[in-house]
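Note that the chains are named A, B, C, D and E in the order they appear, and that numbering of residues resets to 1 at the start of each chain.
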Amino acid sequence: METEGITELACLKNVGVRLGDRTIWSGASLCLAPGTVTAVLGPNGSGKSTLLRLLLGLVPPSSGKVQVLGRPPKHGSAAIGYVPQRSGIDPDLPVRGRDLVLLGANGTRWGWGLPGAASRRRHQLVDKALSAVGATAYANRAIGRLSGGEQQRLLLAQALVSEPRLLFLDEPLTSLDIRNQVVISQLVTNIAQERHIGVLMVTHDINPIMNVVDQVVYIARGRVAVGRPADIITTTALSELYDAPVEVVHDHRGRVFVVGLEAEVAHPHDHGSTGGNGR
Amino acid sequence: GLAGGGNSTSGGQLSVVAAEAFWGSLATQLGGDHVAVTNIVSDPHQDPHDYESSPQDARAFASADMVILNGAGYDAWAQKLLDANPKDGRTVLSVAGMIGKQTSDNPHFWYSPTYVDQVADQITQNLKQLAPSDATYFTEQRTKFATALRPYHDLITSIRVQFGGTHIAATESVFNYMSDALGLQIISPPAFMRAISEGGDPPVSSAATFQDQIQNHQVKLLIYNTQTVTSVTTNLKQLAIAAGVPVVGVSETMQPANSKFQDWQYAQLTALQKALKLSPRG
Amino acid sequence: MTPTFLLDTVVGPAPSLNLVDDIAGLLHYQFMRNAFEAGTIVAIVAGVIGYFVVLRGLSFAGHAVSHIGYAGATGAVLIGVAPLGGLLTFTVGAAMAMGFLGKRLWGRDVAIGIVMAFSLGLGQLFVTLYKGSGSTSQSNAILFGEVLGISRGDIVITLGISSVTLLLIGIFYRQLLFASLAAEVAEARGVRVQELGVVFLGITGLAVAQSVQVTGVLLIFALLVAPAAIAQRISTRPPYAIAISVVIAVLFTWTALTLAYYYGYPVSFFLTAIAFVAYLVTRAAGSTPAWMTRLRGRA
Amino acid sequence: MTPTFLLDTVVGPAPSLNLVDDIAGLLHYQFMRNAFEAGTIVAIVAGVIGYFVVLRGLSFAGHAVSHIGYAGATGAVLIGVAPLGGLLTFTVGAAMAMGFLGKRLWGRDVAIGIVMAFSLGLGQLFVTLYKGSGSTSQSNAILFGEVLGISRGDIVITLGISSVTLLLIGIFYRQLLFASLAAEVAEARGVRVQELGVVFLGITGLAVAQSVQVTGVLLIFALLVAPAAIAQRISTRPPYAIAISVVIAVLFTWTALTLAYYYGYPVSFFLTAIAFVAYLVTRAAGSTPAWMTRLRGRA
Amino acid sequence: METEGITELACLKNVGVRLGDRTIWSGASLCLAPGTVTAVLGPNGSGKSTLLRLLLGLVPPSSGKVQVLGRPPKHGSAAIGYVPQRSGIDPDLPVRGRDLVLLGANGTRWGWGLPGAASRRRHQLVDKALSAVGATAYANRAIGRLSGGEQQRLLLAQALVSEPRLLFLDEPLTSLDIRNQVVISQLVTNIAQERHIGVLMVTHDINPIMNVVDQVVYIARGRVAVGRPADIITTTALSELYDAPVEVVHDHRGRVFVVGLEAEVAHPHDHGSTGGNGR
């Protein structure tokens, strides 16, 4: 953050955003540097997905200045890899997963796409990406019939294969089994460093990405806080952010875990309710 | 040919509404200045998906003293407009009903000289009933009209005498009653004519037969309905022209729309006669 | 050139400024009284069924039904039975076939399209097979109603079938809504989603086929789609949205009939134009503005 | 009763068992040669465009376009310009309106329905304004082709417009596919999803309007939907599925023309019946069986 | 498990299931007892969601015997509350969240639903459920426009309000923020105990439900293992199950955490690949 300058891939300066007649959040200032991973955290409905859509140019800022890859974002960008929160893939979609991934590589291009060196290279890229997310086994099956986690991995492969300069991932670990949560967060970090791209990743579960994050963006109660993980992932800071007692614990290898303090949690409006004791 | 708003019996005139202008033309000539005729011209070949009466039409039917329909399903919409407005003392003349025809029969009754005379008689009779005091006037008008129709009847007779028995082709069934009257024989495949007049697809084999009949000069001329034009009929027309078979256009409704019935028919028959004379080989 | 035409055909009686006189004028003719009555009944049914048609994305099916009945009536004329029987058999049968083949949103329009095309193809065949002429005029007469040509008998039949339709919708109301909002959850909870889809298409088929017979194709189709689509933009509460849809449908019908009476253009032109404009306006307004939001908050 | 009718109308030449003779017989008439040529061109275009029509759930739009052209042609006749101009203007214009109003799958059928209803209402108005001068038959002739009435000139025009259509699809191919499979992702990646939808509907409108003019409404619609729907059940690889769709469309057309030649029923009946049966068979088979799975594995 | 008997809400006896031409898993035997929570764990595509669909009668067993609420399941059941993995709610759906929840209570009934005591009671139930999942604030907004987590909570409320005897939740904590993960798993346990119903919950993240689970079902490699959490949530058992090194650690309060051992994880087919180093 402190090194903000010409090398930044994307910057927000005092930005606010409105959807419908509601102000989602305002006063956000942050930058994404090449080779870094930024985690976006915050309670449901705080506007994390909206931040991604703003950076993609699919939602306009209501105030402030947004620069992405050197210009204000507009109508998306072929240089940005994107995994949405909801895939919206129809169960009956009669197309292979592999084809969706291939479109990640060439779906923004014009023309039919003749065979040739470029096409072969793209097919190799697709194979690599499928293998990296562990989707090779089911890449040739109709995508709609796949399980939630299988679809999620194909969407990730689709984003990786696009050779992006920025990677926006909206809860990319959703529906993934533990093992793949680890594999894929590792993968994303490696890619960020090797290719020198910026990664912005929305997540609720800090564990799988704890040691790969360079910057944390917290969105809550209409405000956006940005900082280093070490400064923000503390019991005090998180408890305040989530309006709930959150404890940060460390295991015997020194890694960090954030745990809600179950005993003390109760719903503010309806203390101790179980949602159905009225029967 | 647009319908006026003709409200009920104005200035001592009887108000007559004809669903089709060709019947209206008869009524106009038979009623003279004692009758105000409103014609509801509507294209019979319109896709019923795309057809609708206007409120003026409905009002005209609602306030008429006498209504003339073709019937036999040809103007089912008109029957609906009548049913929607029951009115005492309104005379309804359905041509099909009068001559005892069903919905399954060829409804182009105005192409039959016999039916035309019968309808004229019936109109006169109805007018007399509606305005008994004008009875003599209407009798005079009927006589005048008979005179006006004479060239039409004479031409029919002359064609029958000269060309009776000749084989001809027709793209659809509009001309059938007239060809019977003329003694001409339509040998085109009935399945083809039926399909065209019903707005259907003609069977391939019937199209093939039709084409053969023209190209092999089995027919002396082609009767062509200028108002049910499809690409198939256009093609046949061009084929006939190429093969030197004369093509005679006939229309379903009066052309031009404001002409008199007998003038329209006479012009068509004259063209037919000319074509028969021109036609190569007997 | 158009203005000339427009002025040319304004031949209707001019409205006075006296409301009572105008209404009396409007209802002077039996055909207008009948049109208002039957139009209102059809509008109410269309408003209710339309809510589900729009929610379930079934406009195509609603339209296809009017084509399909045509084939049925032609076939009935061919084998010499009452065209109305053929109409209802074909309509309800085809609606059910559509329902069975197109379970989900995706691929349903294919099922509708193929069933519709086949019905039309059969209609063509029937026309060819029919020996006498006049099969089309005969089935036309049965099939395509005219809002200005409605008799008292028509109104009674319309009222009867409409009541049945509304009753059926009432019976299936909650299950239908559940299946439309969250099909997978509804299915898991024991709602027979596919069967319900078939039944609903059958109901729609019945309602549309009988309305087409009375008021014509365009009127019922426009009333089926536009009021419900507008209502869904005004209220997110199903019962309110259905009520709004009914009110809009009735208002559209009355306005179209009145305009058609005073200016000599077809009722269906006014109705579809009103529907189109109203829909555009709602969409343009629907993006956010405050009054709409307030309305939504309440309704 | 039906069997009597069926036997009754078999009036075509009987096929010999000699293939060469049969083909020569089939192609003896110019109109059959033209039908085969134009039918093949139309089938190819329908096979390709149909893939996207089915994938995007646009069958309704594909059908609506043929209604809409009618209003345009009638309007053109009314103001005294060439009907073809009115046809194309209305078709492409309405297709674009549908595209703008119906961005997403949900609510799109409403947009199509309302635009279609309004177009039909306008057509109605034009007919009323032009009453009595044979306007409709004139526009009918322009609008509704017949596969048996195709001239050499028609073939040239068909070939021209078809090439343009295929070229456009080729240009937008990958973006169209991306937008159809994962609209949100494609939009984020910079594909102009909404504009593409509008353009695609425009292309479809063009292709359908011109095919309707040559081969008729039923033929193009059945070819647009059924072969693509079947192909999507056979292969999950888009290029293969498109190729299969084209092959099926061409086979359907040839089979229907041949059957219609030998048995005296309308071409459109055979085509829609073949499409319907083939679709049912593919669906019944599509549930699992081994051969299909093997085929899928390969294609 | 050992107390299998007449009181069981649902039982599988040596059941297998096939989808298309693939055997998903076989040889599954398990029972759900009233008042207990069962967690379903397993890698992506192992057939967890399929197990739920089988118990709902939406997928037939290919072998073995299934009994749910006293009879073989068929076409779903009004007595089962269900939250699917993918909501499939259209972004433009013009209906309030509250209405969906209400349908959870009465959506399987016939008729219009006249106002009255029963209706009032259902509305109260709805309000309670909304409040329990913290959805009151946005329950009157159009459901399609809500954020992923907001929708998820409404789906949960919908399942809770149905007064079910069995509750099947497919990754119910997906997209929920940490705080709500805790609130909702607590809520589900309480409901299970208070109402004496059986809960079957698919999850990847064991943490939020660790101390509420009575039974664990592991599905992997076509086999289904069932046992007590203490027997199964061990480093050895899990590592074997997931085919990856998984460590089970405990924090200072004695709670259990399962952590993938990142350093040792690599994709089996493509060791060390980052999915895109081919560029």
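The criterion applied here is as follows: a residue touches a chain if its C-beta (ideal position, glycine included) is under 8 Å from a C-beta of that chain, and two chains touch if they have at least 3 such contacts.
This is a predicted model, so every value here is computed, not measured.
Novice: Which chains are in contact with both chain A and chain C?
Specialist: Chains that touch both chain A and chain C, as defined above, are D, E.
Novice: Need the most distant chain from chain E, centre defined as the mean of C-alpha atoms.
Specialist: Checked the centroid distances; the maximum from chain E is B.
Novice: Answer with same or different: of all residue numbers used at the interface between chain C and chain D, are over half used by both copies?
Specialist: Result for this pair: same.
Novice: With centres defined as the mean C-alpha position, give me the chain B-chain D separation in Å.
Specialist: Averaging C-alpha atoms per chain gives centres 37 Å apart.
Novice: For chain C versus chain D, what separation do you get between their C-alpha means, in angstrom?
Specialist: Inter-chain centre distance comes to 26 Å.
Novice: State, to the nearest whole Å, the distance from the C-alpha centre of chain D to the C-alpha centre of chain E.
Specialist: That gives a centre separation of 46 Å.
Novice: If I count partner chains per residue in chain D, which residues reach a count of at least 2?
Specialist: Chain D, residues with two or more chain partners: 9, 105-107, 120, 124, 128, 264-266, 268-269.
Novice: Do you know which chain E residues sit against two or more other chains?
Specialist: In chain E, the residues touching two or more other chains are 20, 86-87, 93.
Novice: Residue numbers in chain B touching 2 or more other chains?
Specialist: Within chain B, the residues that touch at least two other chains are 2, 49, 51-52, 54, 191, 195, 200-203.
Novice: In their shared complex, at which residues does chain D touch chain C?
Specialist: Touch list, chain D to chain C: 1-2, 5, 8-9, 54, 57-60, 62-63, 78-80, 101, 105-110, 112-118, 120-122, 124-125, 128-129, 217-218, 221-222, 224-226, 229, 264-266, 268-273, 275-276, 279, 283.
Novice: Once bound in the complex, which stretches of chain C touch chain E?
Specialist: 55, 170-175, 177-178, 181-192, 232-233, 236-238, 241, 297
Novice: Write out the stretch or stretches of chain C touching chain B in their complex.
Specialist: Result: residues 9, 11-12, 29-32, 34-35, 66, 124, 127-128, 130-138, 140-141, 143-151, 153, 216-218, 260-261, 264-268 of chain C touch chain B.
Novice: What does chain B use to touch chain C in their complex?
Specialist: Touch list, chain B to chain C: 2, 4-5, 48-49, 51-59, 61-62, 72-74, 76-77, 79-81, 83-86, 102-107, 173, 191, 194-195, 197-203.
Novice: Spell out the residues on chain B that touch chain D in their complex, using ranges where they run on.
Specialist: Interface residues on the chain B side: 1-2, 21, 41-43, 45-47, 49-52, 54, 189, 191, 195, 200-208, 211, 226-235, 238, 251, 253, 255, 257.
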